[in-house]
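In the two assemblies presented below, chain A is common to both, partnered first by chain B and then by chain C.
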Partner chain A sequence: MKKKNLCPRKRKGQMQMTETIAVLFIFFILILFGIMFYYKYQGVAFKEKQEELLGARAMDTTLKVLFLPEISCTKGEAEPEDNCFDMMKLRHANETFKKYITKYYFNLFSYSRIYVQEVYPEQTQYILYDKEIPFLEDGTKGWEKKEPTFFTVTLKDESKSAIIPHYGFGYVVVEVYS
Partner chain B sequence: MAVKKKAQIAVTFNWVYILIAGAVILLFFIGIVVKQKSISEENLATDVVRVMESIFTGAGVSEKTKNFVDISGLADYTLFFGCSEGVTEYGISGKGKPVQNNIDPIFAPLELKDTVLVLWSLPYKLPFKVIDFTFVSSRKSKIYLMGNTPFINEFINATSGFDNIEKINDVSEIDPARNYQFKIVDFSGGQFISQGIPSALSDVDDNKVTAVVFTGQDQVDYYQKEGQMWKKKNKLPVRIISLGGERDSARFATIFAGDDKTYVCSMGKAFLRLRYLLEVYQSKLTEMKEFYETDPQLMAGDCYNYISDQGYEVNVESSLRSLKNRLDACLVNFPISYDYCTEMVGAAEKLREANANLAERGDCLTLY
Partner chain C sequence: MRLSKSRSAQMEMIGLVIIVILISLGMLFAAQFALKENPQKKIFTRKGLSYSTMSALMKTTVYEPGCEGDFKSSLNPQIGKDLLEDCARNKGFIQDNGFSLYRCRNQHTCIFLREFISEMLNETLGGWNKNYEFTSELIQAESDVPQPLFEKIVGSHGGCYKKERDSSGLFPIHTESGLVQSQLLLCD
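After this line comes the complex of A and B, so read on.
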């Protein structure tokens, strides 16, 4: 009689144990799913943040270039001319940028390429600054993405006539690397 | 009876087991929440300083504009600004990584706590535009102006909308109200210094009360509250290196700067930029000379004489060279050599004169 009574109890206990293990298993599976989902979400969020930062850096760098005293048009004590580059300065600014790139200008433009494309009267390209992210040890290029921004500018050239300055136009391209 | 006891133990054990498991799970989630909270605060601090960086870039290049930035989300945090060895550092005290900037001259109080940040920029010219100075202040950073000089009215008009600037005749007129920090700017020689801290400010923290005293046309002294007395922060008077005139950014900067060291440090950034800018202008001058030298008729004219050092006494070439030499002397051991920088003013004035002479003629190329 005792044996008959004990068997169903043992089975009930075994079932309870299996039930607990199953619940724990499902619980951990859910936790694992949660961790995987969170990890994936973090990865996507990180990429989005990187793109956002790159865009912001591109805008900031463009803004800095447009107001650079090294190339902007001035007229004595008066306000500088907006969105205008002085060709007599522009033609030489890159030498200074290159000379002091590590000392100073890298902190201003970071990893980027900045050039002015003249559209009228000629089609000359003036590279102002070019600093690419160095190649990796395995020989692959150091950057994944390049964000270009364009801005139209007037190009004042006084070297053609002292009385009436010649105005051309072009656009400035600022490419930032990430 | 024995069966009942066993059942009782089993039920109790189950409840204990559930309680422990529940507590562990709860602790796990509380841990995640706490961790996330600190991560979010760090992220917020990083985001804020990044946004501030962008705002400073925008404010720095948009000349003469005033920006009022709502930072009510940071009302509980203290922003700090500092500058040493040519690098400005700013961020949220004790949170995140501060931003380091070795390009833009930023003149700000050493600490700020407010809901609205006031940003303003003015170009620094010596004699051509060198860089934009960014001034940082806040509504609760009260500035009291004392003395009788036209500059006070100019300053008040230029900073209209700041709502933190007040002209007073005597320090007894000071009412602290609910402001965070106080700065007394005196143009009448600083007689109030010997009287000690004004009674209205005696209970305010020492680091929140400062004074700037103009002791001459182009020099200032910085003071800090120390108990009930004023402590002078600079050993030698801090010289203002500028060409004067209206909207003199170097003079304005003395008022917004936290102390003498941050002022000199930020001025150093401007001088460093001037060094590189001078090279570009030197190249432009060479091109200008070549323009006139190609035509003997042009070379004999007034324009060339104002440009070349072989021409008139006040000419662009020698003034530019002189400015460069004086700048080199100024930067040779900066900031110890800061006082040598005053010698640039004379050379810059001559360059301005030579450039004005060129501009006056109407048919000459100008340097700037």
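After this line comes the complex of A and C, so read on.
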């Protein structure tokens, strides 16, 4: 009589146990998915942060280039012209940049490449600064990513006319390495 | 019996609370993705680039055959100062490549301007896969409605339709015919 009463109870207990185990299993699977997702997200977020920092460096370097007195259009103590490079300075800027690259310019631009491309009237390219991250010991290149920033500039040339300065059209490219 | 029922209800409540917490966490993540701000560099580049392109274009001196105009000395015209003014003054003669003071590439100034500005923008902004629109309008005292000097220039990758965009701002030039306003829209 007793045995007959115990059997369905036991079965019910077993069922509840199985149910609890199943629920726990699903719960832990969900937790595992959550952890995996968070891990992946952290990886992506880290990369994004790195890109953001590189973008900010590219922005800073571009601003420094745009307002660099060595190449910008100045006239005595007057305000320098907006987004303007002086061709007479630009043609010889590379020599100055090369000469003082370690003493001065590396602190300003770090590892980057800066050049001005003339679009009109000619198509000349002026490389101002080029300092790549050195190769690693195993021979592979020292940088993974290059972030370019473009900016359109006007190229003032006073050598063409003594009366009115001539203005060309071009752009400056600032590539920062990371 | 009552006790077991209340315990089961408690368990269900805990389960519900866990589900609600998990859904809230998911929602928080989704909101973080959705409300992500545009990278600062993107905005800076778009704003600065539209203004710098426009100011550079307006200052550009044109060296093309026929650009000397009626002047005997070789004075090359600037887009913002000379060519836009000439286009505004002689807009009425644009049909059949009619009269204009400057005859760059043997074309009416308005026709030449559209062609030249398109080339310049295509070589720079177009080459960097940017969407853009350039407009130049004439506002006359007799009419409130601005009249386009030439057809709107749209980038080869498209114009600015319902996208994030920035303007160079209006570049106004006073001419004998009225006020010429030029604007460049840059978008991603």
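Criterion: the second predicted complex is superposed on the first by the 133 of 178 C-alpha atoms of A that agree within 3 Å, B and C clash if a C-alpha of one lies under 4 Å from a C-alpha of the other, contacts with A are read in each partner's own complex, and residues count from 1 in each chain.
What we mean here is this: contacts are C-beta pairs under 8 Å (C-beta built on N, C-alpha and C of every residue); 3 or more make two chains touch, one makes a residue touch a chain.
All figures in this text were calculated on a predicted structure; none of them were measured in a lab.
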Please tell me, clash or fit, for chain B and chain C sharing chain A in the overlay. fit
Considering only the touch criterion stated at the top, classify A:Pro69 as touching first (chain B), second (chain C), both, or neither. first
Please indicate which partner A:Ala56 is in contact with in the superposed arrangement: first for chain B, second for chain C, both, or neither. both
What is the contact status of A:Tyr104 with respect to chain B (first) and chain C (second): first, second, both, or neither? first
Identify the partner contact of A:Asp138: answer first if only chain B is touched, second if only chain C is, both if each is, neither if none is. neither
With both complexes overlaid on chain A, does A:Val119 touch chain B (first), chain C (second), both or neither? second
For A:Tyr167, using the defined touch cut-off, is the partner it touches chain B, chain C, both, or neither? Pick first, second, both or neither. second
Closest Cα approach, chain C to chain B, once both complexes are overlaid on chain A (Å): 12
So which positions on chain A get touched by both chain B and chain C? 56, 59
Residue set of chain C touching chain A in the complex reads 15, 18, 22, 25, 29, 39-42, 44-45, 48-49, 51-53, 55-57, 59-61, 63, 75-76, 78, 120, 123-125, 128
Flag every residue of chain A that touches chain B in the complex, lowest number first. 53, 56, 59-60, 63-64, 66-67, 69-72, 74-77, 79-80, 86, 88-89, 91-93, 95-96, 99-100, 104-105, 107-108, 158-159, 162-163
Provide the residue numbers of chain A that touch chain C in the complex, in ascending order. 23, 27, 30, 34, 41, 51-52, 55-56, 58-59, 82-84, 119-121, 149-154, 164, 166-171
What residues of chain B sit close enough to touch chain A in their complex? 50, 53-54, 57-58, 61, 63, 102-103, 125, 128-132, 272-273, 276-277, 279-281, 283-284, 287-288, 291, 303, 355-356, 359, 362-366, 368
